[in-house]
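My structure is below; once you've seen it, I'll send some questions.
Order as written gives the chain letters A, B and C; numbering starts at 1 within each chain.
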Amino acid sequence: MLNRPQSNPQLNAKGELTHLLSIDGLPREALIRILDTASSFLEISDRDVKKVPLLRGKSVFNLFFENSTRTRTTFEIAAKRLSADVINLDVARSSTAKGETLLDTVDNLVAMHADMLVVRHAASGTPYLIVDHLQRIGRADVHVVNAGDGRHAHPTQGLLDMYTIRHYKKDFSGLTVAIVGDILHSRVARSDIHALNTLGAGEVRAVGPQTLLPTAIEKMGVRVCMDLQTGLKDCDVVIMLRLQNERMNGALLPSAREYFRCYGLTPRALALAKPDAIVMHPGPMNRGVEIDSLVADGPQAVILPQVTFGIAVRMAVLSILAGN
Amino acid sequence: MPLSALPDAEAQCVALAQMIRPQLQADTMLVGIHSGGAWIARRLRELLELPGEIGLIDVSFYRDDFGEKGLHPQVKGTSIPFSVEGRPLILVDDVLYTGRTTRAAINELFDYGRPASIKLAVLADRGGRELPIDAEFCTWQVELPATEELVLEPDADGRLQWKFVDHA
Amino acid sequence: MGKELSGHSNGHLPSLSLRISNGRLIDPQNDIDATVDLFIVDGRIAALGQPPANFSATRTIDAAGCIVCPGLIDLSTRLTSLESELVAAVAGGVTALACPPDSKPALDEPGLVERLVRHSEALGLARVYPIGALTQQLAGEKLSEMGSLARAGCIAFSQAKQPIFDTQVLLRAMQYAATFSYAVHLQPQDHYLAHDGVAHDGEVASRLGLAGIPVCAETVAIATALQLARQTGVRLHLARLSSAAGVALVAEARRCGLPVSCDVSVHHLHLSEKDIGYFDSRARFCPPLRAKSDRDALRAAAADGTAAVCSDHTPVDEDGKQLPFAEAAPGATGLELLLPLTLQWAAETGVPLSRALARITSDPAAILGIASGSLGLSTLADICIFDPAEIWPINAQTLRSQGKNTPFLGHQLSGRVKTTLVGGRVVFES
């Protein structure tokens, strides 16, 4: 064994959050602080001038290697509400296509005086590679926010999901949360699991067929349920995960139709949960595949508020990092 | 300064209210700056028998020392439950010192709209201004060394009282 | 019996008579562990203990405080750049090595093999034993010209890390190899079960969101290979095992008398999936680092002789590792770490030194079928003299290989080669 106790690269020498890469390994206080700070940012959206000058003069670069208009837009709104300058890099079409390496691109952005990099990439661990590189070139002052890396983590989504749950349910202890769907490929699921366990949720259930459940996932602190009915019974929160098209017609699942029949959140399935259970979804939804329209548009769904909370949570993350 | 020489903050609130009363207009609104200004603004509202809600401002997002100090660990949030547009406002704080907190509060208020006027009411003015800011209403002028901080706090019974904190 | 290279071209140098004195001589094959002098004449071991008649030392090497053992034999070294890697080999005490056929181009042409052999002999450093491609271009479809390749110098045949999808082709390849008594080396990994996996399919990969390679990818391939070996009678060697279940299958087959051997990479004797840490691409290996329980089983297999130990030397430059984990090139530099890591494994698990050294000397020699790996009288004097107690740092300056990629970079290891001899000539001295 290497016997090398590695310090969490997200924390600086003073133990302050300097990058947000994953919820895994963050102390409870750090999560609470982000949620509390997000509360105060919500009110800004109600003002005429929806801005505060916190990040004025700072440059936030959105480095998205994977297309995502939704997430990129919310980060852009969040940064602009903090008065930061935002530059979007559509990397798929630009330099990397010409053979420039990922780290060369990072070096160029640093030379352009980037203060923060918001990174989304299809390969798990990419933000860690970037943080390690920045450390080595003496630019650990450039903050990195993980906007989603492969299957590994989507910490801001995890945080906004927690904000949503706290908003409706107040207290995490004693809550039963069911996460349903393609957990194997889901960075949102992993971030939610870490966050729920760190915040002291009563029970976290991972619900799906064996083909969509990661090996040894119980070790992450969840109870595995391969049966939707068992998974939803008496739960307080249902988090539905999006099922991507490419998963549906091959060796993982036979068809969208069968998936909906066995794991789709219909009103009948939802009735097994507590009557005041909330239904969440990171979006975008596949109506009729993982979720019935009646539920998505129903009174228990809090999917649109999740989006509003998402902007406030991202504003909180950007501010806290920029200040450390 | 010995403890016995500290003035009674609750009495100062009463005196401040008496200074303000003649200047009140029909639509004047009080805005207290967290935390000390918020407590004082609540006192003033009772003393002046004002009908409406008071505004509360947290200047964390407008401070000019964000670069050095980062975000305050506990942001209390701003709430302005009335329209700022065209209104005379009285900004309330406990201690006026460099003037930077007042500057931040004014900037924040202007992001809500254009007030008719802003007057500043404080219990204590300790000099040491770094910006051209002045308090229209003030109950106590006091000189302190830079290493001493003047703090307003509620005691066990909720009565506001002054305290010195030595940062030497 | 064994194949030997005819000896390096050191033509113009006069023959040397060497005396290696005061060293602790360990020769696992001949069960020797004693402080005796060693005498070399004309490139071969002439005597132990007492000098042979009329002996006059051209040079005496004082090996006080050191261990004198057979030169190490490595079952898999990628010679990405011939000279620098052969220099690294002798710096690591490796005097003979087998290189896999997945160079570019693949070793499926006799001309390429001849050239490799010629260039290595001219350098006069470690002896190179090429492993030829089992199928043409390693594509797994057509048999390669094994006869011609063997005549050119190949001592065995392998697919390196390339799969053979068609089991019929694998069967035919084994039958053909068995016809001529050629050994077949296979790295057992079912291509479809491994799919796009990059790490062991377990707790760490699930947490980090890395595609996993389940243990069954290895055991299914081992089981297939064993069955086909049983049918064809081919001499099979399973390379770079990574799992407890895998070594168990091989141990069972050996108990039943099947002539199968296996090896583990020296990095796998130490590391596990936990060493991936925060996506450290230096811990990206093929086969992947598995759970601690697997590592412990590999250690036990090396301890009881089921498995030999090799370096799986794979130099990768910075560009190849400065990538997200799944995109980084797998493998680590290993030639210069083979000895210290083997010694560390032995020390940590209480394996006697002689037995540990057998795993990197006499056992690989037997697997490759070469007359090497021992200090018997008249054998070629391929010798490693090392100080087991010398602690040295692993960094870009101390490593002579072009590959500086190892999870042990920045660590201190114990066991440093002082002198390496090939055919009685000193080819490395620190």
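Following the convention adopted for this analysis, contacts are C-beta pairs under 8 Å (C-beta built on N, C-alpha and C of every residue); 3 or more make two chains touch, one makes a residue touch a chain.
Computed from a predicted model, the values in this text were never measured in an experiment.
Taking the mean of each chain's C-alpha atoms, the chain whose centre lies closest to the overall C-alpha mean is A. The chain pair A-C and the chain pair A-B differ in C-beta contact count, and the higher one is A-C. Put simply, the C-alpha centre of chain B and that of chain C have 77 angstrom between them. With centres taken as mean Cα positions, chain C sits 45 Å from chain A. Between the CA-based centres of chain A and chain B the separation comes to 39 Å, rounded to the whole angstrom.
Chain A makes touch with chain C in their complex at residues 1-2, 4, 6, 9, 24, 101-103, 121, 123-126, 128-129, 132-133, 149-153, 187, 190, 214-217, 219-220. Touching chain B in their complex are the following residues of chain A: 16, 33, 36-37, 39-40, 43, 47-49, 51-54, 319-320, 322-324.
Taken in their complex, chain C has these residues touching chain A: 201-203, 205-210, 212, 214, 270-272, 274-275, 277-279, 281, 319, 322-327, 407-408, 411. Residues 58, 60-62, 66, 69-71, 73-79, 107-108, 111-113 of chain B are the ones touching chain A in the complex.
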